[in-house]
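Below are structures written as structure tokens.
Here subunit A shows up in two complexes: once beside subunit B, once beside subunit C.
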Partner chain A sequence: MPARGLIRARVAEISPPLIRQQFPLMLSYDAIIIGAGHNGLVTACYLARAGLRVVVLEGNPYIGGATVSRELYPGFTYSNCSYVCSLFRPEIFRTLDLPRYGLQVIPYEGSVTMTRDGGYFASFVDHDANRREISRFSKRDAENYDRFSHEMSRQCRFIKKFLLTTPPDPTSFKWRDLKDLASLGAAFYDLGETQMYDTIRFYTMSCADLLDQYFESDVIKGVIAGSSIIGTALGPYSPGTAYVMLHHYMGEVDGTIGAWGYARGGMGSIATALANALQAHGGEVRVNAEVNDVIVKDGRVCGVALKDGEELHAATVASNLDVKRTFLNIMDERDLPAEFVRRVQRFKIRGSSGKLNIALDGMPSFPQIPENCPARRGDMHITDSMERIERAYDDWKSGTWSKDPYVDMLIPSQIDPTLAPPGQHMMSVFVQYAPPRLASGDWTDADRDAFGSTVVDAIGAYSPDFKDRIRHMEVRTPRELEAEIGLTEGNIFQGELTLDQLMFNRPVPGYAQYRSPVEGMYLCGSSTHPGGGVMGAPGANAAREILRDLGRKDGQL
Partner chain B sequence: MKSVRYDAIVVGGGHNGLVCANYLARARQRVLLLEAADQVGGAAATESFAPGFRVSSCAHLVYLFDPSISAELKLADHGLVWSAVDLPSVALSQERAVLSISSDPTLSAGEWMSGEHKRFDALMARMTRFASVLQNLYTRVPPRLRNRRGDIVALVQAAWRIRRLGRDDMRELLRIAGMNIADLLDDELNDDRLKGMLAFDAVLGTRLGPRAPNTVFTWLHRLVSRAPAAHGGIMHPLGGVGALCDALSRSAQAAGVEIRTGARVESIMCDADRVTGVRVADGEEIGARQVISNADPQQTLLSLLGARELDTEFVRRVRDVPMAGTAAKLHLAIDDLPTFVGVDPEQARGRLVIAPNIDYVERASNAIKYGEYAPQPVIEITIPSLHDSTLAPPGKHVLSAIVQYAPYTLRAGWGAHRDEFADCVIAVLAEYAPDLPDKIVERQLLLPVDIEQRYGMTGGHWHHGELGLERFWMWRPTPGAAQYQMPVEGLFLCGAGCHPGGGVMGLAGRNAARAVLATARP
Partner chain C sequence: MNEPHYLQPLLPTPFHSRTQAACCTALWSGWAGYQSARCYTHVEFEYFAARNQATLFDLSPMIKYRIAGSDSLPYLNRLMTRDVGKLAVGRVAYTVWCNDVGKVLDDGTLFRLDDNEYLLCAQDRHLPWLQDSAIGFDLEVEDVSERFAALALQGPTSYAIVQRMGFDDLMSLRPFGWRRVKYRGAELIVSRTGFSGDLGYEIWSAPDQAESLWDDLMAAGADFGLMPMGSDALELLRIEAGYLLPNADFMPADHATRASRGRSPFELGLGWLVDFNKGHFVGRRALQAERAGSGRYTFVGLDIDGNKPAHESLIYHRRRELIGHVTSAMWSPTCKRNIAIAELQAGREAMLDDLWVEIYLKKELKWEKLMVRCRVVPRPFFDPPRRLATPPAAY
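Right after this comes the complex of A and B.
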């Protein structure tokens, strides 16, 4: 069993014997995947399973892209970018048999929010526990929480059907598009008249309007609104944020909808498990292999050239890079129609978040939260209203990081002891908002440090011993996210999740089916439907389209 | 005691009520229109605010009014005269020369950046094509999402009209419909003055800023005025916007509508889920088979009818309609014409816009979210007395300005801050017309809360409730009530709270009349 040895190889480092070190000068494959992010690996897995000779090329010395575990300080494992798991499609989890390749997702029970007045709100995966907690703030809101949850799960159920499907082109008269549109229409029609109106409205409304329909307590609304802005350059009062909230609700862990969990060993375990699965199916992963050019001849892709000049040949190339990087950096504009290039250029990909990863020499205290509250093992937030979040967004708009940021902080080492030495802890702090560029110009190291201290101070206000416990801290602004992982403008979703960039509009109208104007060239990253988050759906969908073009059956997935 | 029985009673004599009553009377219905104020017009009225000075108190320009309604109701024969048509829109600027645009591209003036005029024309040509799709929807009663032939046909027609734009245009429309205006303008244009003014047009009358998604839609709503079937220009009726309603009123009376002013409807009566008539303030009950309300949805359904006649879920939906207005009106009586820097006399006749760039508009919009007023507001200025001498004594002028953003509820309370806000607005005006403050004889500020009180519009909202992509067509004012007919038999809405929304268009009134007549037929 080749996989067992790999499980022990914690962190996203693959044991060398499995990566081919020696290459002839020119290699030929059936398919080349550019970028070993989780989507690239998913695509590669499905192609390898279908019997193709596949190689994944990764520029960094480690795999995973933004789904990564790294030891940046001795003894501590950092989920350096993405940090929790829920959206990953269970269908992919099952068909690729990822548990067998070492992936274990540990659900956590809830989250807790600290408010300015010294209070807290704990929320739980368990509906009734949550309802009881809400009734501490408002009896009426507790009643309405039933209605709200019902509406959210209805919307989740509806959208889930379309996550692993290719969006049909509404302008096309091709049989396949018409058929897919018709089946989409039929699923929609099944909702019934009232629900159809509500579903369409849901996609165009703001999170604030949605929550105002159910809740009166500012705290409850602030707590729920947190998920409507993650990774998004919008505030909860902006139309379109109800959808972003849904995007963060539609996940599940072990069949519990809306639940979130930790990947044991950090998020890199997902990438490692995928790489193990890929290798088990005969595929290869090469790190330190940065692609410089996609080679196109006569409107057809025929391979890639690496930075060191080496060329690899394949009739199929799929890029896990974002749409801008793929078509504007590693491809030659002359190989693409001018109108297409213009559309790629205006794709909106502004980053809005930053990240702090902190090694702690002990568990910091949060006096506001009861000592034994299970919710402190999940996400911890600091907010008390939608307004407070919206004001943080105003800072983003004026080209500065939020002075009173919205933070999503977790200490996963409470549940997963592999992340830190005994008694010590690993803390992950997701920060909203940080603009891709500052009003004063590009980010500098001094700006980054100031951003870091803003966040540390914000947390320190709720945890007296927090600052003293910091042993090591890594700060990531959009600038670092771009430089380190190659996410253009530091956008964690490889493109903003607004209505103009969803479904058949993602990334470019007319090219939303994972193909590009160049034959044999595909996109398989989060720039494509259904977008970002560690979901794997774009990768699986791209693989299905590739196999379809190669004349394989749909059912291969 | 019930005296006369009418086929239909129209509650409220705003422009939509008048239009609706007129079409019903033309279909040989016996129609009574009841207006609470002493004159008809509602929010489309011309009123005196200082001795000798009159002003269009709410809407101060007409650009969306449907020309086919003007023609069908023969408004010209009933005294409607335009004192100005095709008024230019002028982007004021402190740093650079002003820029002026007009419905006729050749009339656009000012210093254009190289190539900008061409880009602007291309953008407007495309947006106009999109607006005509919208215009087409606007002239019809919205369909419902159900399995009836008429509805399915209407939906397929709507889809086909979009498809008929051609593949490129269709793709573009489906992409930008939910987009924000700031990104669209940044993609297509370069000139800050121009982008600022267009962004202003997109957010006027809403609570959104230009970076909020769905503002391309609100811009398209305004651009319906440019659709081929529309007048095309920004116009001003002689005698102010109230003159339009006077003409509508005369036309309605000629068609046989009985109009009673000073008759405030207190409640809409209903019996066994069927409307029976209305009760007016003096206690008189007037019977009718149908009651059509020009009041806003919340007032009609929750105040006049009463929640107990309605389904709980429906009441909840009506309560959820955002009704807080965001625009204030400032009226100045001035004893001499102020000098707006860089604006020539011809341009001064038009609408002058203070929205120097997109960020300025966005910053102004921040305030409304927190119940504050914008200290640096965006402003649309008109000096109608330049082309309409009926509004001011000879040699003197009125200045009418729409000021955004002013919240319905100021967190600090409007009481002490009302004058402070007016001073603030005048200070901003003075940045562009330094001699203005010395020429002011009298001033009047109408906040959303004043508009609510004077015209009975809940929240003082222009559109009788927020207009946006999530609240238009089948969703306006709320699903289940978007076809003008309310859940109580015989009760209809005909105001701006319904499809297609506000902006002195008249289409809600005509569409409502069609819906009423459709149910009257066996």
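Right after this comes the complex of A and C.
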């Protein structure tokens, strides 16, 4: 790559402090953030609040990354990727004062699954309504659901402490790491003897093994197991999926653990509020500014070069891209230790999901669900057993999309009046599973359309007028997620959430504290602890580490 | 319906057949002698409907007085602390009225229905006070509470819903204005008022139209997320809006056994409602003296660290010196802040940068005491631009 060679040569001749004098027209900043996903924006906000001159560079003409909303059909707001909100850390919400910048999260009630025998199973916020609903399937499960919930609450309480903290490095023997390890140990000890054993098992066992402990009804287990495989290239019988379920459980809306909500105006309003907050603190966001190269000199980062050749300089660069794109794509392997590069290459980031976003000219009917059931306003499903989810996963392993897919479908316009014209509706359908590559080769447009038809047919089997109500549809396979959003293999978490890739192993051992082998170069996206979901925690944690390296106490969480 | 009063102390409102059918919780409370739903389904969803969609709240138990006669204006100007002369026909004013020593008796809204006709809506009953104050004036004061069935339609889509109802002419209706609209061969009064701090309307109808009005509004609101809302959610809305509630934030002076419990408009942060340029009014002399600097208390908004609501907490300076107490508190789901309305001793401005609230918290049956930092912030805590936008937006 001649362009890169040129840049490197030029930078090699001039030490960073001289750059500003020699090239006064080149823009220089205190910190450059690559990618305007929600985590990149969170990092930028914290740095700008601390007084740094910050710019966020976004390759797309719109911001948000996978936290995005766009009008693809007149009058309809599509949340193209992420679609519900729960995990976003309330501490960040409050510190950055996002409500003032227009963010409002509206909780929704429960979920409903249509069963193959023509019935349904719904969940409710009201404890007694929920218990009676479960007891339609099993009286024992209805009572055990409380025990299961308590177990999940204990696990949430344990992990919550560590979401907004940097994972301690168990091998560094630095005072700070030892202290943090000790507090991790103390929290673990605090669980009590039985719970300590359970916690170890919890982090390694399959969702199916966990649920078999508590429940006997296939429907109940199938419904709960859904969140154990979302975004994950595993089935409910695969070890490690119990944790994935916890990852989807540990969010909250206003202190209600496990509650989910809609961002008013679509998920993009989270990115918009963050960008507004950033600008209020003097930060900049530039769209259509794709970073081609990270400029490194003597093991130290000194800026980035854009696709069009423009250079921006800063002694601190944080990448919101996933770990593979960051280190294998826009950085030069020669600037990195070989073992590090190999570990990054081996990082598991297999795509497994697709998405349909559908503009509807009216509310589709679902004859199996009672008309006045509030769970219609939450997430809806058509998979009524773990067995079916596992079979859907078998298709993924064979290199094709699931023929009987697991869908997480929502019609948020029932609650959010801003998404569609009155009486019309916006539907979001998350689909599991879709492989990053097909057995037949790369995805083609025809494959994508066939995938879309499979899903539409699957939903249509439960909603006679659904197909006729479709006015426009966006179909996204892992190919589109990678090409448009930059998620390697279309993995929505920027890397799988299995124990081998969590905490001090995320993304790779020795580099779990948001730093990289190159001084001044940081990661701030979901490839880092505590991982994926619209949580903001990786971005906030990265900002704290950057400020620590700069010797700044202000702007800390 | 026609039980003797000792078997049915709380009366049904004109909307009862509808509110009872909608109420899944069996949570009711008494409000001015009527049954009032505290919660229809779930407080959280009703609250969010008001901040995101729209809600219908049965306002009928509100006490209403009609004041009519050629002396209505001078009478009201003597009764109220505000200059009622500035209130035009078609407008509504928020107002307070005081006793002779300048302590607030109640707050309410005053509608000017015609040149010599007003409607006063209040929390409490005041007929003797209103009638006794009318001596020498040519007018009539009448309790018309039962002549109106009233609904509060509040929330971002409330304008879209009144449009769908076919209520024309509301596009130009500004906040604190009212209009008559035609409805099923009769007339309703629609005012752009409410207790939610958001875009919203109050609709005043004859009791015999109540049921059809409820049904028509619910039908018109189907595409706009309209939900019935109970008083528990309203309480959250009004705190976010920074509105004071008699008997919660302050004692109405005539209810207080202890003379020191009465509060003046200045002490409640309502000094802007007092107009000394209009001649004599009840409490004027005391308030004039107080304006010179004898106020004992001040009302503030607080932003409190953490997320545990500071219900009924005491407030300390430097964790030690007691200087006030919280009167209303909540976790604000919209502002994502732990907010409170509080009364502080006056003249403590120098202490405001080091305030602490004492919160008692029960965690799985074990009580803990927290001393939490707080800061004085402006009220309202939540004040969306759509509240005042005219013409209103669709959501």
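The rule is simple: the second predicted complex is superposed on the first by the 528 of 557 C-alpha atoms of A that agree within 3 Å, B and C clash if a C-alpha of one lies under 4 Å from a C-alpha of the other, contacts with A are read in each partner's own complex, and residues count from 1 in each chain.
One rule holds in what follows: contacts are C-beta pairs under 8 Å (C-beta built on N, C-alpha and C of every residue); 3 or more make two chains touch, one makes a residue touch a chain.
Given the structure is predicted, the values throughout are model-derived calculations rather than measurements.
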item	value
First (subunit B), second (subunit C), both or neither touched by A:I106	second
Which of subunit B and subunit C A:R94 touches, first, second, both or neither	second
Most subunit A residues touched (candidates subunit B, subunit C)	B
First (subunit B), second (subunit C), both or neither touched by A:D126	second
Partner chain(s) touched by A:G460 [first = subunit B, second = subunit C, both, neither]	neither
Touched partner set for A:P374, first subunit B, second subunit C, both or neither	second
First, second, both or neither for A:D500, with subunit B first and subunit C second	first
Partner chain in contact with A:P517 - subunit B first, subunit C second, else both or neither	neither
Touching partner for A:D416 - first (subunit B), second (subunit C), both, neither	second
Which of subunit B and subunit C A:G75 touches, first, second, both or neither	neither
Subunit B and subunit C footprints on subunit A, overlapping residues	none
Contacting residues of subunit B [partner subunit A, same complex]	144-146, 163, 167, 170-172, 174-180, 183, 187, 208, 211-214, 316, 320, 322, 362-363, 366, 369-370, 468-470, 474-475, 479-480
Partner subunit B, residues of subunit A touching it in the complex	170-171, 193-194, 196-198, 200-201, 203-205, 209, 212-213, 234, 237-240, 346, 348, 387, 390-391, 394, 397-398, 498-500, 504-505, 509-510
Interfacial residue positions of subunit A with respect to subunit C in the complex	90, 93-94, 98-99, 104, 106-107, 109, 125-126, 253-256, 264, 374, 414-418, 422-423
Of subunit C, residues touching subunit A in the complex	41-42, 44-45, 48, 51-53, 156-157, 160, 223-225, 307, 331, 333-337, 382, 394-395
